[in-house]
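A, B, C, D and E label the chains in the order they appear, each numbered from 1.
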Amino acid sequence: MIIARILGTVVSTQKDARLAGKKLLIVKPINLDGSDQSGYLVSVDTVGAGFQEKVIVVGGSSARMAEGNKDCPVDSAIIGVIDSFDFVK
Amino acid sequence: MIIARILGTVVSTQKDARLAGKKLLIVKPINLDGSDQSGYLVSVDTVGAGFQEKVIVVGGSSARMAEGNKDCPVDSAIIGVIDSFDFVK
Amino acid sequence: MIIARILGTVVSTQKDARLAGKKLLIVKPINLDGSDQSGYLVSVDTVGAGFQEKVIVVGGSSARMAEGNKDCPVDSAIIGVIDSFDFVK
Amino acid sequence: MIIARILGTVVSTQKDARLAGKKLLIVKPINLDGSDQSGYLVSVDTVGAGFQEKVIVVGGSSARMAEGNKDCPVDSAIIGVIDSFDFVK
Amino acid sequence: MIIARILGTVVSTQKDARLAGKKLLIVKPINLDGSDQSGYLVSVDTVGAGFQEKVIVVGGSSARMAEGNKDCPVDSAIIGVIDSFDFVK
């Protein structure tokens, strides 16, 4: 998994039926010092995360194991809001 | 998932039987500012997306969860046409 | 999926039983302008592609969905010979 | 799999129910000479690894094959503490 | 799949039960001209490959399709010893 922060939202009307009702968020992977990484992902929020919160993002087939994503065409899911993380280099 | 725009099409006659009737599109991943990323993907359209439209693209095994792709040898699928996306850096 | 061209072959006698009879080809991913990308892949041909032909290559678990690859230890398969592709930047 | 060392921990209260009780560690991939690679991963410890220990990390759907991770939304797991590794260039 | 050569071994006592008895090798991906790529992988040998031999390495969930790896937490497996490979640029 990676740590990311929530930047925004994607709106899509014409979409796969299994995406109905899913919150598609734009997330930005961050480094351990809090700085942004390049790139972004569109990820399904499954835990009610809020704007700019730091979250845990899971990728690949495991994104379908997140709550509500079973058999859905999604490859990225937000599975936790981060209270804190700490590390020693 | 990523955001991409549709650039073109791939035509293949001699192909896996499970690709019959599938629309294979060339998509270009884009950045959040709308600029192009390097690279491209060949992706199966499952939502009737049009040329140059911005779309949501799912990768890996989850591409097989998109409408009509069950058990197909595809690792990328277009699963939504994007109406809009917005974000705050 | 990606577009690649076929460069050569790999010969292996001491191998997984499920690879018996499979044609293992060396493929080179290409850009949309026809130039080579860096790198290469070893991919199982499932459509009878020929030397230097441009082909569609699928990766990951979906390579096992290609004809004849069920339950095989392969992560890349050639699933189509490309007649043509066209795009507008 | 890759070799990594354990740098720290991630704390999350608001998370997927299947993450309950799992130890989420921050791991740093290392090179064969012991130096750090760039980047990091959040990985589920399944073997009781300790701070700064060198470990084997598995990624993708196979992370769900590690002890206790069945059907969990995790894409990275620590599956072994490394006693030693040796190699000749 | 990729072509790699075998550099060494990893020893781990405290590990996932499903890794018991598995030979964990350090492999170095190589280019088609025989030169080393950067990076390395820890891969499960399933074909009795020897030191410095060139081998075919499969990644992702398909590594679990290799002989003896069913349901094991492994994302890389050696599935063939290469006799030769040839290609024309």
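Following the convention adopted for this analysis, a residue touches a chain if its C-beta (ideal position, glycine included) is under 8 Å from a C-beta of that chain, and two chains touch if they have at least 3 such contacts.
These figures come from a predicted structure and were not determined experimentally.
The chains touching chain D as well as chain E do not exist; no chain touches both.
Where chain B touches chain C, the two copies mostly use different residue numbers: shared numbers make up under half of all numbers in play. Chain geometry summary: the mean Cα position of chain B and that of chain D are 32 Å apart. Between chain A and chain D, the centres computed from C-alpha atoms are 20 Å apart. Under the contact definition stated at the top, the residues of chain E that touch 2 or more other chains are 60-61, 63. Contact topology of the protein chains: cyclic, one closed ring where each chain has exactly two touching partners.
Starting at chain D and proceeding toward chain E, the closed ring of contacting chains reads D, E, C, B, A. Chain A contributes residues 7-19, 24, 26, 40-43, 51-52, 60-61, 63-64, 71-76 to its touches with chain B in the complex.
Put simply, chain A touches chain D in their complex at residues 1-3, 31-32, 46-49, 56, 58-63, 65-67, 69, 77, 79-89.
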